[in-house]
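When the chains are written out, they are named A, B and C in that same order, and each has its own residue count from 1.
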Amino acid sequence: MAKIEEAGPGDLTFLANPKYASKLASTQASAVIMNGDLAAPCAVLRSPSPYLTFAKAVALFSPNRPAAPGIHPLASVAADAKVDPTATVGAYAVIGSGVTVGPRTVIHPHVVIDDDATIGADCIVYSHVSIRERCSIGSRVILQNGAVIGSDGYGFAPRPDGTHEKIPQTAPVVIEDDVEIGANTTIDRPALGETRIQAGTKIDNLVQIAHGVVLGKNVLLAAQVGIAGSTVVGDSVMMGGQVGVSGHLEIGERAILAAKTGVTGSLAPGQYMSGYPMMETHEWRRAHVVLRKLPDMRKQLLALEERLKKLEEK
Amino acid sequence: MAKIEEAGPGDLTFLANPKYASKLASTQASAVIMNGDLAAPCAVLRSPSPYLTFAKAVALFSPNRPAAPGIHPLASVAADAKVDPTATVGAYAVIGSGVTVGPRTVIHPHVVIDDDATIGADCIVYSHVSIRERCSIGSRVILQNGAVIGSDGYGFAPRPDGTHEKIPQTAPVVIEDDVEIGANTTIDRPALGETRIQAGTKIDNLVQIAHGVVLGKNVLLAAQVGIAGSTVVGDSVMMGGQVGVSGHLEIGERAILAAKTGVTGSLAPGQYMSGYPMMETHEWRRAHVVLRKLPDMRKQLLALEERLKKLEEK
Amino acid sequence: MAKIEEAGPGDLTFLANPKYASKLASTQASAVIMNGDLAAPCAVLRSPSPYLTFAKAVALFSPNRPAAPGIHPLASVAADAKVDPTATVGAYAVIGSGVTVGPRTVIHPHVVIDDDATIGADCIVYSHVSIRERCSIGSRVILQNGAVIGSDGYGFAPRPDGTHEKIPQTAPVVIEDDVEIGANTTIDRPALGETRIQAGTKIDNLVQIAHGVVLGKNVLLAAQVGIAGSTVVGDSVMMGGQVGVSGHLEIGERAILAAKTGVTGSLAPGQYMSGYPMMETHEWRRAHVVLRKLPDMRKQLLALEERLKKLEEK
């Protein structure tokens, strides 16, 4: 498998974005996955959704070796943990008391699963992931390296002397089926209730999900997004990189937040927002086009005032 | 323990925010922690600070099992490390040469404490925390999963050919008593002097504290804040999520920085800033209300100019 | 070694920034590394680049103990891994099948190197680093604690029902010589091609490098920067903290991006940009000086309109 401009003889490539159609004529690939009726200088695999077919082809040619089932002799598994015999547990992994690990799930080396957490079938948990006590992970979930599931939420009650009393964060994080969580992303547990990531949601690296947040189904969060406590995000919402969302808000389903947006109020379904403070994206674009001209506008304004003054004096 | 709107028979709930007082009448809880003289449909525990009392009640009902003191047989503890017999050291934890661990401190599995670091009494260090060589941690400190204490500061001297010479970062990070550090937060060590987090400061997840920074007492930093090298932050300062602070600044005590603020200059005590470049918050709010109207203002300005021109021609 | 204002008898200090020259007269240091002909109250080590000489002096006086070569008995090294006999492998480190570790490289405890990855000579890999399958690390590379090299890129193909198909990310990350990567920074692998960090580039903590990105030589990225997929960054580019760069862009060599800049388009060599949406820095500064005055400008505009109206009525 190779990109259309880098593929050589023996390679399979794909054409999903019409922007790259011009590269088709000169590709050296032996075969191309594509849509439509364009002519290609090589064998063609027609597909109504070439990007989806490409995804399946990459999986087919994956050089990854399948994990061998079983518990590595250097892993530490509590006597009362229930690890399915088809699951894999790597070296130095720690499986706490009362933990359940489902069929065919692969726990890489150096994963720590604390007491009474559960994890379903066909998951992949990469090295250095922490899953804290009593958290629950569905099936077909992928956790990238260093992700933290169930760290304490940031909850403190101010004392009269300026110091703070910690509110113990003892409720769980629940991650539903088909979720993917990026590397070094952190998902906090709350004091009461739960933090929940619903089915099919995909979260990129270094994202912060605070205590009590609910993410709907099929939400997409790009890297370095931060969502503050108790906010509820609807299904199929998309957030660009470095977006920040305040606490206790409701973000309507299918809302889109451009990269770096600062969300300070709840949103209706389908709203498309940008900037900080946020505006509707078309409004934000117009405002910032003019922002560049602001120094000139100021000069114009002063000149106008001068001219008006002269006129008034006449 | 349950939220006021989710509590059922047998549950204890609380009412701290008057905003939720309307939910009191219909709660199914068996008892409520609250202030004031409102009538409740259940038993009432009166408290002058219900949120503080709630914090204590959550701790009381915590389902967490107490850690058993002692060193796990799969931990690696240097022969000359001094681990208090009442401390707990988990599986695969690494305690380096010359390290001291105080009474009742709990070191979870997969914590690495490098040579000559010290850690006080009654601390909790969660899995995958790194404490680097010669750093010092006080008592009653909580380090969430994956936090890094004492990684090398980002210090390089440019060479004439465009490459960079690393400045070795060998001085320590010092964390005082009653500090909490969030998951995957990073605190860098400097070349000279120290990086210091003073007593009672609470830091959320994914925060970056650069080399030589000093954070005062009872500072609150929300998630994804970044503070550049050698900046000194006063007592009781509060920063919202994703705030960035430049290096070599002084932030006066009790200053408040709204989420996403970009701090490019020093601040006096108590200042409340927003935006990037930062402004006083009230000024920032006014400016951004008008920013939305900027395209209309531009049209108005051009129309005015036209009308003035006509008038001048007469 | 100590700072000029903190140094005492027996200490060596340095003066690199002329701003601090006034502190020279009162320093208690026994010797100072400095440039120029200023008089000092102590011994002087003249150097044409005092900061570079200071870097070398800090290294000379480093209290770090050299690592002893060899594989710790508690490490897990695959039978077919090739670890140079002069390399150090710490406790609980995992070295996968087919991995190569070069001469004098120090692998700290709790590092995981997955199958078929390679790492060159004289590297330092701190605890809790993950190096994923088939990634390649050059020589003299430093990886700070918790860094993740080769996590899956964020690549999904939408299915008609609103769910997403994962595009397997099987291509490697390549890190060239003399690179440093900060604590908890994440560098993703792509589906095809490679992600590449070229020689001499220095990356701070909590940075996100997405799949297929290429960073040129001697690039400097401050903390919490995020670079989206397939962007190509030229040699000697500098980015301040919390900068975000969109995907599929080209950033010309020696471009400078001020902290928090949001880069939404490609840049020519040497451009100096700020803000979001980004502008040339001088333009951005001018626009924001006027932004503060925007509410006043609006009042002025309305007053002008009123006066003009009166004049027109005459």
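Basically, a contact is a pair of C-beta atoms (placed from the backbone, for glycine too) under 8 Å apart; a residue touches a chain by one contact, two chains touch by 3 or more.
Computed from a predicted structure; not experimentally measured.
S.K.: To the nearest 5 degrees, please report the angle of the rotation taking chain A's Cα atoms onto chain C.
M.R.: Rotating chain A by 120 degrees superposes it on chain C.
S.K.: Quick one: compare the interface residues of chain B with those of chain C and tell me same or different, with half as the dividing line.
M.R.: Since fewer than half of the residue numbers are used by both chains, the interface counts as different.
S.K.: Could you please state the distance in Å, as a whole number, between where the Cα atoms of chain B are centred and where those of chain C are centred?
M.R.: Here chain B and chain C have centroids separated by 22 Å.
S.K.: By the touch rule stated above, which residues of chain C touch at least two different other chains?
M.R.: Only 92, 110, 128, 146, 184, 206, 224, 242, 291, 294, 297, 301, 304, 308, 311 qualify.
S.K.: Can you name the residues of chain C that touch chain B in the complex?
M.R.: 1-3, 6, 49, 51-52, 54-56, 58-59, 61-65, 74, 90-92, 108-110, 126-128, 142, 144-146, 178, 180, 182-184, 200, 202, 204-206, 217-218, 220, 222-224, 235-236, 241-242, 259-260, 275, 288, 291-292, 294-295, 297-298, 301, 304-305, 308, 311-312
S.K.: Taking the touch rule as given, give the residues of chain B at its contact with chain C in the complex, in rising order.
M.R.: 76, 92, 94, 110, 112, 114-115, 128, 130, 132-134, 146, 148, 151-152, 154, 156-157, 159-160, 162-168, 170, 184, 186, 188, 191-193, 206, 208, 210, 224, 226, 228, 242, 244, 246, 262, 276-277, 279, 283, 286-287, 289-291, 293-294, 297, 300-301, 304, 307-308, 311
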